[in-house]
Amino acid sequence: MTLLDLDPGVVTRARDLAARAGRPVVDLATAHTTVSIERAVLRLAGLEGADHEGTPWVNRLVDAVRAQVGLEHGVALPVWDALARQRREGGADDDPLLRLAQRAAAGELDLRVPEGRSATAATRAAVRAARAGVRTIDRQRRVRERMLERLPVTHRPLVYLIVATGNIHEDVPQAQAAARAGADVIAVIRSTGQSLLDFVPEGATTEGFAGTYATQENFRIMRAALDDVSRELGRYVRLTNYASGLCMPEIAALAGLERLDMMLNDSMYGILFRDINPVRTFTDQHFARQVHARAGIIINTGEDNYLTTADAVEAAHTVTVSQLLNEYFAHQAGLADWQLGLGHAFEIDPAIPDSFRIELAHALLARELFPDAPLKWMPPTKHMTGDIFRGYLLDGFFTLAGALTGQGILLVGMMTEAVVTPWLSDRDLALQGVRYVLDAAGGLHEDFRPAPGGLIVTRAHQVLDEAVDLLGRIADEGLLTAIGDGTFGLMRRPEAGGRGRDGVAVRAPDYLNPVCEVLAEPVVGEGPR
Amino acid sequence: MSRIVRPYGDATGDGMVQLSFTLPVAAGRRADGAAAQLARRMGIDPAMVVHSRAMGPRFTFFVVYGRANHVVDLDAVEVVEQDFPLLTDKEIESRVRDRLRRPVVVVGACIGTDAHTVGIDAILNVKGFAGHKGLEHLAAFEVHNLGAQVPVPDLVESALERRADAVLVSQVVTQRDAHLANVAEMTAAFREAFPRQRRPLLVVGGPRFDESAAASLGVDRVFGRGTTPGEVASYLVHRLVPEPEEGRSHAASH
Amino acid sequence: MTLLDLDPGVVTRARDLAARAGRPVVDLATAHTTVSIERAVLRLAGLEGADHEGTPWVNRLVDAVRAQVGLEHGVALPVWDALARQRREGGADDDPLLRLAQRAAAGELDLRVPEGRSATAATRAAVRAARAGVRTIDRQRRVRERMLERLPVTHRPLVYLIVATGNIHEDVPQAQAAARAGADVIAVIRSTGQSLLDFVPEGATTEGFAGTYATQENFRIMRAALDDVSRELGRYVRLTNYASGLCMPEIAALAGLERLDMMLNDSMYGILFRDINPVRTFTDQHFARQVHARAGIIINTGEDNYLTTADAVEAAHTVTVSQLLNEYFAHQAGLADWQLGLGHAFEIDPAIPDSFRIELAHALLARELFPDAPLKWMPPTKHMTGDIFRGYLLDGFFTLAGALTGQGILLVGMMTEAVVTPWLSDRDLALQGVRYVLDAAGGLHEDFRPAPGGLIVTRAHQVLDEAVDLLGRIADEGLLTAIGDGTFGLMRRPEAGGRGRDGVAVRAPDYLNPVCEVLAEPVVGEGPR
Amino acid sequence: MSRIVRPYGDATGDGMVQLSFTLPVAAGRRADGAAAQLARRMGIDPAMVVHSRAMGPRFTFFVVYGRANHVVDLDAVEVVEQDFPLLTDKEIESRVRDRLRRPVVVVGACIGTDAHTVGIDAILNVKGFAGHKGLEHLAAFEVHNLGAQVPVPDLVESALERRADAVLVSQVVTQRDAHLANVAEMTAAFREAFPRQRRPLLVVGGPRFDESAAASLGVDRVFGRGTTPGEVASYLVHRLVPEPEEGRSHAASH
């Protein structure tokens, strides 16, 4: 498909500039660690559960390490060193890591950064523990691959639907109903506050605001429910959640362990829309993506969000810029193109003349810039109103734009977008609408040939040119400066500001992350899908 | 299982409903207040007026969401249960052949000024509806479909002439309750033209009829949207050629 | 536009066959007259009003002529002969024709078919009277042309909207509201029973079922109201009604006199959907179209109706056949191509795969077969259900199909199609939907290029081929036979059946129709538009 | 002019409305009957169930049309009329400059876990809303916009520190009445932290708030969907810098 006749030179230049702009940020990310990365390491090493106040043991233990020896060496060295000592000290030990955490919480633990032989031993033990977690991820990946072979989903776009009751037990039947009605991907939205929690809640939860907490147990419950319905339908239904917020790395780890299939994971969303510190976010993100890469999870990025706070026409090129940056960061973390659900959205004010054609221009630009990425196509939200009829129609045209431009993941729009989190009937109606459009007009892309030099082609070129200009500026002045200036979504987020800054540490020369060590080992039996 | 239920938005018992309407008032805060008042009077509380749009200077359209405080008592639901067995074509054919020994004579029409024949044709003609063939297709029925815009006197005459066992009348246009007026005219004419015992079974149908209104309309049965020919055939046979144990409520008598 | 690459040879063959099939029907039409044609003559000659029972004087007088001397000579000769005698007899005479009708109704009139000099005199007087009526039509046409110059409407499609309250005084504000909201054409639907009335009701009416009676006074009221709103909006708003049913010729005359702008006028609709006798319909139709031609009225034909009783895919070619026949009959009656609002509709079952693309194929076929005709594009009705959301979406796609295929007259679909005659809010919502689609995607036709050899092109060719086959059969066996066989809309209508047969007479050799005489005279100042 | 009106379908007084909802019952005749019952209990009679669709085995979605028998009494409509004059930017500037002689200090935030800042930004930031610039744009206001997900204690602290004349709080997420809970927490905290006289004006806003609920929420004023910055500015000036004749209901006092 080359309907837009993009200049390959300009495209290459855009990618080069994105690399120039992104490189320093990757260096930054690999020069730091965060409390959440370290907690993710412990989770992958098998530390589960929470104390009687609901504080996870991983938090307890990381906090203890940080208090006693600082974060800069990573938790692995002090923890596995302490474990070795604990083992030597003896005692009941069917879960030594848990016992260690409990002792740390009780203030009974004396931590140190081992050196010499102790360090070597701790490193080896930590890597072994991490490898067990990564193996679970590998196993889950293979389970997914096998299920996809037996319960194949060959059509595109994948139809993506949200549930958000706040109660995992209400979510389950709603998700199953949605799957039966045609959803290929179910996303369980998180409770509004979770992204700012610096811990991952535990267990099955029933009380969320406008969403359900992302917990390991909730992941497990929903994945099992979707496995059931997948078998019933003969079609593997994917599960999605959000690797975002202060616990991005841990959520990424849990997603891999519990076989989630896609994760919302953007390099800048937390900075822009949750006011999380930029260094924290970029550092977390790099680690999270390494885990996603290994888990065979498709990431969905969040460019669509910019268009809810900035204007979709004026800011169209910022979406392109962000997609290129997200691509660069993703590649640096080891993600393959088929794993890049780069985001964009149908958010142009419908009152603008030719709005639909401009949407097509933007969507097609993304399609042709990233031919091998699935692309996540988001429905109108900002210009939805209480006029549910108009909204239903708009959603239909959104779906059509998706079909005409070959988007891979179609997030289903809801007519009640401006009113309530979706009702059971909203989802059912929405899926009906999607089915109509895809069945009736899904093949129309064959007949869609943007007029050479016409509005669509011209607009796409213009956006790409603007994107290149902006990338040039960012490459020169630095991405963190650009973010501080309100380049994306009109949100100004200075480098030093934002939440979670104090959970970041510069890695010491002896920093050890056993998970990263394991991820760097060669894998067997990996293959795209 | 509870026999009391509430509307369901996204949680059991939340009572949520959607409502839209127009009020003959100029748009503005006062209009929104009027809309909220109406919704509350309908038992929606809290009522959120989520959309209001001026339609010219004198009318405003509203969309309201909210919690309906009424409950549904499933035990008190009035519904015309299907009070007759659904018969297969074979059962119908054999029952009529064996017990009535002649076809059931059916006269059908759209009466009044209504020209929507697709519905009655769906019931009567071979072509049928949604994969079910119409009554014509069975030897058990002798069908006279008079078509569209048949004046009531013509219908009565035809029923007399054909010695109809059943008269099937369709009404689709409901504006200004045209369907009710036409049915009233029809039943009056049949009451006048036939002695009680020999009056054919009167059946009316159409998408906007309330199936539970047979008594008040003065007909034997009402069929609403989505009726299949098989239902109608089964009903006619049930009423006109009852099995001995079914009782002879309105058996064909000539 | 030649997106379908139709074979000009096949197109010519189709037109030739339509001419072969239509010729005998035109001969039939010009060999007969009907009560309604004769009443139309009297109306154009200035006879207005009704008796105390509401029976129009034109009916009284025509009935008297028919009773006394038969219809076969036309009413003109006996009436103007009687008028001459009435004049000679003296008496109050500011409206001699009315007095004549009153006398006829009272049984006081002695009619004869004049011969020799009396015949010549009667002919001359009748033609003079008819000319006055035709001059009014000409004047109204010029008024329309002038208004269109001052209040131009250059965009296409024209947005066509229905009002149907039953009460002309409720219709007026609703029509004005619709015009303000964007409607270019207002159609006032008739009361369900009117087509079978063998007279045109009189005066302003307030009680109709699912529509408002078409009366001269109602026409006048609505045209005046739309003139007001046209001036207010700076855009001439067209008025439409139905020249159909047993009074087709009279309604056509009234439409010309009262400056209606479009008229539903199909050659077969009355036969098929009102069970009116075929000879009556074809005869009435020929005369009515001659009047429309003169009045500069655009006719809208009724092929869309077939698809409400037959299947839109199976019967697609019957639409094409009927369009070709309607074109032929229209040309024979003197209508120009720009006056041919040939009908078709978006009535394919939306559950059929690729239904939207098949709609595009059908719509584009009509567009390319009749490049100079405006084409009337009808919305989904049959597959509309009580699911108003689905219906609203379907209507949006209908509009899109219209825009992609360059339809000239877009009848606005209503989400409540399956429920009620449209509410005020339905119309407003519907117009909003149309505006969205036309504004957002109206230009998309530039980017619509059916894949060569693809589904759309193949389907269009198939329909045209089927149409040619069917036309061949009709040309051989006769159109009346085909109608009797249920070829159109699956309705079987034998030549001898149907209502209004007894109002038809074979023209005698001395038959005089003064209106036809005047219409045959050359006109000054005529021009398309 | 009559002060009693009814919904308008296509004729004055026809009372017609549209309604949709889901019931937790399996689709079928009984479900349709249940839907009709609910509609009737809401005062819709006759009620036409024009659409019903199974959503899985346990739920059915309905569309109902019918005549609402309730009327709207326009005299009894509860509405927060705009009880303050809408001022121009110039009037605001000169009134504050001349009478208060310092800017009105405004602290704004989205509290709780709500991160929807577009609404409060629309009111406060220069960018504004629908062509109207926000309060920041006027010299009459000193604006401190704390942004998203601000904990109530932080808000109180900021209000104390800035000596706020008015505190503007936005709440967009309403699921499980989160907005009501957050506002209750906020008013309680302000009642505790400030003596009655020195408490800043408390204003809340968001698209799903009922504007007439100020008293029950314990705030001074509620603004709903579509609020413009000009309305808010005028209200603040009206309350904080009243014209002599307007009375000093809550004039800025520090």
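Chains here go by letter, A, B, C and D, matching the order in which they are written, and residues are numbered from 1 within each.
Keep in mind that, in the parts below, a contact is a pair of C-beta atoms (placed from the backbone, for glycine too) under 8 Å apart; a residue touches a chain by one contact, two chains touch by 3 or more.
These numbers were taken from a predicted model, which means no experiment stands behind them.
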So which has more C-beta pairs touching, A-B or B-C?
-> B-C
How many Å are there between the centre of chain B and the centre of chain D, using C-alpha atoms for each centre?
-> 44
Chain A to chain D: how many Å between their CA centres?
-> 34
Quick one: report the Å distance separating chain A from chain B, using the average Cα coordinate of each chain.
-> 53
Listed in rising order, chain A residues that touch 2 or more other chains are 164, 386-388, 418-421, 423-425, 429
Pull out every residue in chain D that's touching 2 or more other chains.
-> 8-9, 12, 16, 18, 20-22, 48, 50, 53, 59, 208, 225
Touch graph across the chains, line, ring, star, complete or other?
-> complete
Residues of chain B that touch chain D when the two form their complex = 5, 7-9, 12, 16-25, 29-30, 32-34, 36-38, 41-44, 46, 48, 50, 59, 68, 70-74, 76-82, 208, 210-212, 225
Residues on chain B engaged by chain C in the complex (per definition of touch) = 20-22, 53, 55-56, 59, 61, 112-115, 117-118, 127, 147-149, 173-176, 178, 207-208, 225
Counting only contacts in the complex, chain D reaches chain C at residues 8-12, 16, 18, 48-53, 63, 65
Can you list the chain C residues touching chain D in their complex?
-> 164-165, 167, 170, 174, 385-388, 416, 418-424
Chain A to chain D touching residues, read off their complex = 164, 166, 173, 177, 180-181, 191-193, 196, 207, 209-210, 273-275, 308-309, 386, 418-421, 423-425, 428-429, 490
